[in-house]
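For reference, chains read A, B and C in written order, and residue numbers begin at 1 within each chain.
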Amino acid sequence: MTQLLFFNVFNGLIVGAFYALMALGLSLILNLSGVINFAHGGFLAIGGYLAYSLIPYIGFWGALVLAPVLTAFIGILVERVLIRRLYGRDPLYSLLLTFGLAFIIEDGTRFIWGAQSLPFQVPSWLVTPLSDDYFFLTGYRLFMVLVVGIAVAGLFFILNRTRLGIRIRAGTLDLETVSVLGVNVRLLRNMNFGLGIYLAGLAGVLAVGQLGLQPTIGASLIMPSFVAIIVGGLGSLPGTLLGGMLIGVASGITTVFFPSATEAVIYVMMAAVLLVRPRGLLGEEGRF
Amino acid sequence: MSLLKVENLSKHFGSLVAVNDVSMTVQSGELRAVIGPNGAGKTTFFNMISGFLTQSSGRIVFDGEDVSALPATQRVWRGISRTFQITEVFPELSVGENLRIPVEVASGYRLSPWLSRGGEVEVRDRVAELLEMGGLTAKAGRLVGELSHGDQRATEIMMALALKPRLLLLDEPTAGMGDQETYDITKLIRRLHKDHSLTIVLIEHDMRVIFHLADRITVLAEGTMLAEGTPDEIANSEVVQAAYLGKAAA
Amino acid sequence: MQPADFTKQAPNIVVWALLLTMPFWLSHVGGYTELGSQVVVLGLAALGLNFLLGYTGVLSFGHAAYFGLGAYGAGMTLRYLLPSTGMGIIIGTLIGTIAGAIIGPLIIRLRGVYFAMVTIAFGQVFYFIAFRWSSVTGGDDGLTGWTRLPLHLGFTTIDIQNNPVAFYYFVLVMFAIAVGIMAWLLRSPFGRTLIAIRENERRSRFLGIPIDQHIWISWVISCAVVSLAGALFALLNNFVDPRALYWTQSGDFVIMAVLGGMRSFWGPLIGAAIYVVLRDYLSSMTENWESFIGLFFVLVVLFFPRGVLGIITRKVKS
């Protein structure tokens, strides 16, 4: 029993790490540009499929580096051509646009790579269990947690220590002032979107090693990411991170005791948070 | 008899002190002007009285009742009604509709799925009366968003008045207006005050308007109260002159 | 009738004339009666959503939940409880409305995109319940083993079970009642407070309108109409599956409202008609119809943000 619980908590942590990675990207874009990117799951899938196609040429490690970058470029392009036009308009329109994009991307990946689940090769030494007792502690899983940890640390480093990051944070608080101070807001939003999509792409490469590669992989991850943002607190990136891990672990634990509520439990958590603390765990007052 | 009593009101935004320990008593039927240099905390002060912001400390007593903890809507129901520095109206509705909404709310119809014939007549008459009072009868069918700044402001004041307030808070009613418009609005406010003996507190920059209208003046500077008195007393106050001229010289 | 009254009434007359005669001309333009019923049912859902979206200015992206609850409520009543189409509709509508009323207080304090995000996330709870609780709901395969039944009115029996035209008119009567109530409410003092909130929330609050309370009522009305549409949808197909609850269904309702024109009363119905016909056509033409639907969303947002009726009203006015 203890082992089962431990297994599921650990599993939950990994799943939570994905949610957090997705949700951090969503949060970045939402906070600076006021856009809920429904296509985020689509970009995650693109990251996974690009990695799949790149591995035969540049290997797993090359794909891990390159696929998220390529995904981010596609994101930057999409922002330039489509999403940019809708800033400052009723948020309804950007919602619908990214909603449509999600359809196009999902169907597009199905068209290019096929509807069936594709095998995804990770280096074999990563797959072997590290211990006979804790068979689920494969190197790959620890590796995923490590990569997510590095990515999150990198993100907070960028936001706190680099010029781009500081501008993103300032813009989130008061876009008008930042714009008056001579910052190119269009470019800032563009780069910020790219950064968010990079995280989605990275989550994509990691996720397919765990969940398998199919066109609907993104759609199944986007709703929990929303919940992570709401639970953690609107407008707070540390909150989003916390929210992601929390709901991951919560659904992991629920799997042990009440498996059929695995998915539903996170929404119950969301309802509880909204009831007790409408702004979310780490959300600031008056952000919405 | 005092209608509004503000006691030791303060507001902090983080480390910034916007309003610091301000007290003020407004008598029933009085027209009080609140003046002060930019950044003196006048609008923050107003926002706390109307319930738009919650005070950090202090009390607001309206007609003998402590309203400090009441949400904005309930203060409106008790008779405190306000306008904003940047005119807040329903730009895509007609002047008549803009007035009709507060009239229906004030008559207790806000949740009604229908109006009786009598109710309809009552509402229409009241709207017509307000249009007349604000000099807006000819423009009743026009969209407010298409009107001049002065007419929009007049509409906003009449909307606040439609609620039959006992205290009217006007935040810079003549801001951004030309001479003619300023004159018209001043005349309107004066009429409301004199003819309907309405208690009014207004924030204003235009000294002509203030000295023409106010019974008493409260001067705020950097969040604290500098002086209070009749227009003559304020005009001759050295403290006030120092505050204004000091600002201008610096 | 005054000429001015006539221009105001003209859209209503045209819409009702088309709806009342639909079974007679639909087949001549390549349609079929079930398609007409589908337009009316989904149009009702879009109109119900628009009560909140277009007239209160509150962005809900999670109305599929209440649509689906209405559908499952009707289906499960007929499957497990009692053989009465009328009771199915009543129970289905009640379940969706009550769920909306309970969830309402948790979300009405949020605004804009945040409201959208929370509504859509809440919708997923019901999806997973329907999906997982398969012993009762049929899970992914959907709820089967029941059909709508003829209406017994005491003096006569209407065979809406086997006669699609009779069922169409039955749906149209339900539609007329719900739409009539909404239109009436929008012209009432209460309806004006909703429009006031849409136009300027701050001003409305300082006119003494308790915003949260009014939005909650509008939300519940909207959920009620959408649940009714859901119940009718289940009866139309004699089937419900979890897709009726899925978040993409919510997006469909929003696009119908936008496509037709959110600011005009009949807009969402027009949007539903275009959307239903287009999807019917695309899915029979190509396997990649989802891409085309997605592209359609993008095109509507970029080129027709005011919707069909929005554009027409503008032209007429100028």
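Everything below uses one rule, namely that contacts are C-beta pairs under 8 Å (C-beta built on N, C-alpha and C of every residue); 3 or more make two chains touch, one makes a residue touch a chain.
What you are looking at is a predicted structure, and each value in this text was computed from that prediction instead of being measured.
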Strictly by count of touching C-beta pairs, the top pair is A-C
Quick check on this structure: which chain has its C-alpha centroid closest to the centroid of all protein C-alpha atoms?
C
Computed distance of Cα centres, chain C from chain B, in Å:
43
Which integer distance in Å separates the CA centroid of chain A from that of chain B?
48
Between chain A and chain C, what's the gap in Å when you average each chain's C-alpha atoms?
32
Name the residues of chain C that each touch 2 or more other chains.
none
Chain A residues touching 2+ other chains are none
Touching residues (chain side chain A, partner chain C) in the complex:
30, 34-36, 38, 82, 85-86, 89, 91-97, 99-108, 110-111, 223, 226-227, 229-230, 234, 260-261, 263-264, 267-268, 270-271, 274-275, 278, 288
Help me check something: in the complex, which residues belonging to chain C touch chain A?
53, 59, 61, 103, 106-107, 109-114, 116-118, 120-122, 124-125, 128-129, 131-133, 247-248, 251, 254-255, 258, 288, 290-291, 293-298, 300-302, 305
Quick one: which bits of chain C touch chain B in the complex? Just the residue numbers, please.
184-185, 188-190, 192-193, 195-196, 199-200, 202-211, 214, 217
So in the complex, the part of chain B that touches chain C is made up of which residues?
50, 52, 72-73, 76-77, 81-82, 84, 88-93, 97, 100-102, 104-106, 109-115, 159-160, 163
